[in-house]
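Two complexes are shown next, each including chain A; its partner changes from chain B in the first to chain C in the second.
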Partner chain A sequence: MATVGRAALLIALLICAYGVIAAVYGALTGRREWVESARRSVYALAIALTVAFGILELAFLRSDFSFAVVAGHSSTSTPTFYKASAMWSSQEGSLLLWVWLLSLWSSLVVFLTRRRMREVVPWATAVLLGYGAFFTALLVFAVSPFDTLAQPPADGAGLNPLLRHPAMMIHPPMLYSGYTLFAIPFAFAVGALIAKRVDAEWIRSTRRFALGAWLVLGIGIILGARWSYNELGWGGYWAWDAVENASLMPWLTGTAFIHSVMIQEKRGMLKIWNVSLVLATGILCVLGTFLVRSGILDSIHAFGASTLGVPFVALIAGMSLGSIALVVWRRGLLRSEHRLDSLLSREAVFLLNNLVLVAMCFVVFWGTFFPLISEAVTGEETSVGPPWFSRYTVPLALILVLLSGIGPLIAWRRATATNLRRTFAIPVACGVVAFLALLFVPGVPQKPLALAMFALGAFVAGTVGQEIWRGTRARRAMTGEPLPLAVTSLVRRNRRRYGGYLVHLGIVVLFVGVAASSTFQTASDHRMSPGDTVRVDGYDVRYVRATAEVGNDPSGTGAMLSLGAVLDVSKDGRHVTTLRPARSFYPSNSTASGPVEWLVAGEPTSEVAVRSGPLKDFWTAVNPDMTRFQEVIDQGDKAVAADIPEMQQPMVAFRLLRDVIAPNYVENPPPAMFRMISSPLVAWIWIGSLIAIGGGLIALWPAPDAARRRATATLRARVAQDLGRA
Partner chain B sequence: MDALALLAIFALLLVVAWVVVTPLRRGAASQAAAREEADRQDLEAARDAKYREIRDAELDRETGKLSEEDWRALDRQLRAEAVEILRRLDELE
Partner chain C sequence: MDPARKRRFRLVAALTAALVLAGGLVYTSFSAGSPAKTPSELLASAEPGGSYKLTGKVVEGSIRHEGDTLLFSVRDRDGTTSVPVSYTGSVPDPFREGREIIVTVSRGAGDTFVAEKDSLVTKCPSKFEAEDDAASDMS
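Coming up: the complex of A and B.
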């Protein structure tokens, strides 16, 4: 099977090379059969890569350790659920996933544009196949996922325990879908520049792909935050880590692009800005992929150090220089068709929103690469932490929230005083009322930034509510529809607009959750023995008893041993909840340890216990003191090694762990360290994300295409007729 | 390399070659029609986008973001542009 996989990758590389040549030749000569052949090369690429991907996935599911990558990243004891996702924990597998997703999205876009944009599509096809050529060449020549072992081991090293979380099944495919989907507007921007078709057509044709990229990248980021909150054992959801930042940067520029293209569509303005934004987003996506896989920056997420630095840097440099050259070359065509009429206009607000988003991206970029920059300049690696990021991003986020409330309300071209009074009165009142009310909430007035975020959040919620209400009222006045039907029809007929409003609402809810949980969090560490009680943020937490599970991990991660605690949480004498945090231990990757220690010497993970509620989360993690436990294990190893034949040692070691060592821990537990965090409104981060995702899906859903029907009336009447039907 | 693997590779090669080469075998006969179809679809997309702009402007007027006077001027301009697109579409038929 490995041979077929290798051949499929080689065929994929040849298809890319052929497709690039055919597309460029077809574009230069106008011979459509070559353009068509290039387009179909993208489908052929998807077929070949699906074969390669399927073979590797099958090897993981079958635990075929003759594949080096399977032996290095999976094992027979890895649960099937995680075997399926183990592929993208490896560098080879993740690159294959990247290029496979690229081939699928590229196939979709060249299919949808098969009878459109005939000048632009061939160049865009060449760019997409060029991307494909780069990644398949890496897989063929540098890091083949189909390398085989002459003597396959009986068992593999297993999946990194930190990655054994349901979110990790879909987090990487989501991020990579976002990255590869952004390759599509990038490719069409390049095509539009080369073909001199820089009107809004390429934007319309790829708008859904840009929006889809923004959405899935956003989902990927949120899943990563969720994983961090539930798996990493430090109690946070965002650490401004290099790899987190790598996915945030293209999301920020992508957000700016999604907003600014509206100005080009409506007014023919900001053409240079839009192509620059989408080209930068495409480059940042490749940079993001490189950062995750390279390990050039320290990260809690850096799961592999790469040898691919040079080719990636060459690609990023080529993309950057090529993009700059293209924009400069076509600057004459990219002049705006109109000028900004007034600073009090939606265009001006969108422009400001773009500047804020790009400034945020720059801050994140600078903070992320600061260790490399400082090392290059001073010779010492210095990194910046979350407070540095917060100093700049929090004020920018406040401005962004304010603008997300103003943007939907203000008129295009020029807002009048009457217009401003009429549209802003209610939302501003919402913000002011919230501000005044929150002044009476203890602790809030002392935190002005959080207070500002809450008040601005109320302003934006007022904006969205008012917009939906006014739209519904207008719809009812026109059609006489009952209220629920009028709301549905309004949203259905204007999906982009109202989907966007919901996204604004969701993002603001998320920001409010972030502001509240980060500002008013109470966190503390406690060393406790069974029977001890501590007080955290008004909660009394009693360590009731220790627990130990061997080969029976309730969360299904395949842990060999889980040492945990039962915590009774009460408030004012009333029972609130019972929490069961645990620390999971996995078999070691190396064979050097003794038979008992081998069972638990792998990287441990925290199984946190959280009581989530709409107002507050109570989060706990436990870290047992292993000093005495280690002594017992060492004694066990000596006994097993001395008395038991080598073949039987693993089984005896397991029994010793299950029947002696674990019960001993439960009966006579050493003190354990507990981290306890009480955070308000964390749940609203996830709820806000769901609202934003729902809004994104509404905006993404295709509008009814009623205008395709033809009429025989005069042209002017036909416009009215077509509009009336839609 | 076993025979089954060879067979699978050969089958894959055959499939991708068929997918890629088919348009070249068909030749340029239908290219003029394809070009016309592409132009028509571009115009239809432009027309749909123009209709969306007209509806957006109407909604802006109804929700108080555009004055009656501004809306009339904008609507007149957008409808004229829509008419031009329809005229070009008719010329293709």
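Coming up: the complex of A and C.
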């Protein structure tokens, strides 16, 4: 099978090479059959890569350890669900996933544009296949996923327990979908520049792809945050880690892009800005892929140094220089059709929003690459921490929220005083009322930035509410529909607009959750023995008893041993909830340790216990003191090694762990370290994301355009008739 | 002012503002960043009271708990020079002997170092990496 996989990749590479040549030749000579052939090679690429992807995924599911990648990243004891996702925990598998997704999206876009944009599509096809060629070449020459082992091991190394979380199934594919989807507007922007067709058509054709990329990248980022909150045992959802930042940067420029293209569509302005944004986004996506995989920056995601540095840096440098050269070369075509009439206009607000987003991206970029920059400048590697990021991103986020409330209301071209009064009275009142009310909430007035975020949040919510209400009222006046129907048909007829409003609302809810939870969080660490009680943020937490489970892991991650604690949480003497945090231990992959120790010497993970509520989350993690436990294990190992024949040692060791060592821990538990975090409104981060995702889906959903086209066709026919008669 | 000059004035003002902001950003990053040091560099050059990012490997057999405080030593990536660190706060899951870590420390009395609360970061490999056996042959 590995041979078939290798062949599929080789064929894919040849297809890419042929397709690029065919597309460029077709574009230069205007011979349609060559362009058609290039388009078909995109489909063929998708097929070849699907075969390769399928073979590798099948090898993972079948635990075929003759594949080196499978042996290195999966094992028979890895639960099936995680076997499937172990594929993209490997460098080879993740690159294959990347290029496979790229081939699927490329096929979709060349299919959708098969009868349109004759000048642009060939160049865009060439760019997309060029991407494909780069990644397939890496897979063929540098990191082959189909390397085989002459002597397959009996069992593989297994998937790192930290990665055994349901998000592993969707977080990486979502991020990679986002990265690859952004390649499509990038390719079309390049195509439009080369073919001198820089009107809004390439934007219209790829708008859905840009929006889809923005949406799935956002979902990927949020899933990562959620994962970090629930799995990593430190209780945070965002750490300004290099790899998190890498996915945030294209998301920020992508957000700027989907706003500023509206100005190009409506007013023919900002053309240079738009192509630059989309080119930058495309480059940042490759940079993001590179950062995840290269380990050039210290990150919790450092997957080990890789050999891909040189080709990736070459690709990124090539893309950057090529983009700049293209924009400079075509600057004459990119002149604005209109001027900015007034700073009090929607154009100006959108422009400002773009500047803020790009500034944010620059802050993140600078902070992320600061270790490299400072090493280059001062010779000393220094890094900046979360406080530095917050210092700049928080004020920028406040401005952004303010603008997201103003943008939808202010008039195009030039807003008049009447317009401002009429549209802003209610939202501003919402903001002011929230501000005044919050002044009376104890603790809040001391935190001006959080207070500002809450007030601005109310302002934006007022904006969105007012817009939906006014639209509904107008619709009801026109059609007399009942209220619920009027709301749905309003949204259905203006999906992009109202979807966008919902996204604003969701993002603001998310920001409010972030502001509240980061500002008003109480975190503390406690060393406790059963019977001890500590007080955290008004909650009394009692360590009731210790637990130990062997070979029985309720969350299905394949843990061998779970040492846990039962915590009784009460407030003012009333029972609130019972939490059961635990720490899971996994079998080791090295054979060096004794038979009992082997069972638990793998990477341990925290199973946190959280009580989520609309107002407050109470989050706990436990870390048992392993010193005495380790002594017991060592004694067990000695006993097993002395008395038991080697063949039976694993079985005896397992029984010893289950029947003696674990019960001993429960009866006579050593003190354990607990981390307890009480943070308000965390739940609203996830609720806000869901609202934003819902809004994004509404905006993305195809408009009923078949019906519209039919209607306009009839209208056009009638006008033609009238003209003919006149 | 005629419109063209007004526009140019605006552009210059906006660019100046952007440059000033970017300058501030660059300046603060250099003053706020803490230099990353290996244990031997730290011993050679750390000033008492200065804040440093210590990178290295946790020494085998050095982890101890004293009440809420975690004590361990960090050694050079490829060497044996090590410094003792006392740490409080959250311990990331992958923290263990032999693992690469980054922690923000300041120099205490003599050659001991006190870590900033919650500053411990552990590098997490994507798979179990057996230290010196077959796994490394495959890469």
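The rule is short, and it goes like this: the second predicted complex is superposed on the first by the 704 of 726 C-alpha atoms of A that agree within 3 Å, B and C clash if a C-alpha of one lies under 4 Å from a C-alpha of the other, contacts with A are read in each partner's own complex, and residues count from 1 in each chain.
Just so it is clear, contacts are C-beta pairs under 8 Å (C-beta built on N, C-alpha and C of every residue); 3 or more make two chains touch, one makes a residue touch a chain.
All values reported here derive from a predicted model rather than from experimental measurement.
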Original post:
In the superposed model on chain A, is it clash or fit for chain B and chain C?
Top reply: fit
**OP:** With both structures superposed on the shared chain, find the angle between the C-alpha centres of chain B and chain C as seen from the C-alpha centre of chain A, to the nearest 10 degrees.
**Re:** 140
Original post:
Touch check for A:382: first (chain B), second (chain C), both, or neither?
Top reply: second
Original post:
Does chain B (first) or chain C (second) touch A:335, or do both, or does neither?
Top reply: neither
Original post:
After lining up the shared chain so the two structures overlap, which partner does A:201 touch, if you call chain B first and chain C second: first, second, both or neither?
Top reply: first
Subject >> Touched partner set for A:606, first chain B, second chain C, both or neither >> reply: second
Original post:
Which partner does A:162 reach: the first (chain B), the second (chain C), both, or neither?
Top reply: second
**OP:** May I ask you to decide whether A:588 touches chain B, chain C, both, or neither, giving the answer as first, second, both or neither?
**Re:** second
**OP:** Could you tell me how near the closest CA atoms of chain B and chain C get once both structures are overlaid on the shared chain, in Å?
**Re:** 22
**OP:** Give every residue of chain A touching chain B within the complex, in rising order.
**Re:** 1, 3-4, 7-8, 11, 15, 18-19, 31-34, 36-37, 40-41, 43-44, 47-48, 51, 115-118, 200-201, 204-205, 265-266, 409-413, 416, 418-419, 422-423, 467, 470-471, 474, 477-478, 493-494, 496-497, 703, 705, 707-708, 715-716, 718-719, 722-723, 726
Original post:
Can you name the residues of chain C that touch chain A in the complex?
Top reply: 3, 7, 18, 21-22, 25-26, 28-30, 32-36, 53, 55, 64-65, 67-68, 88-94, 96, 102, 104, 118, 121-131, 133-135, 138-139
Original post:
Which of the residues in chain A come into contact with chain C in the complex?
Top reply: 68, 71-73, 89-90, 147, 149, 153, 157-160, 162-163, 232-235, 298-304, 339, 355, 359, 362-363, 366-367, 370-371, 374, 377-378, 380-385, 387-388, 391-392, 523, 525-527, 588-590, 602-606, 623, 625, 627, 673, 675
**OP:** Flag every residue of chain B that touches chain A in the complex, lowest number first.
**Re:** 1, 5, 8-9, 12-13, 15-16, 19-24, 26-28, 31, 34-35, 37-39, 41-42, 44-49, 51-56, 59-60, 62-67, 70, 79, 82-83, 86-87, 90
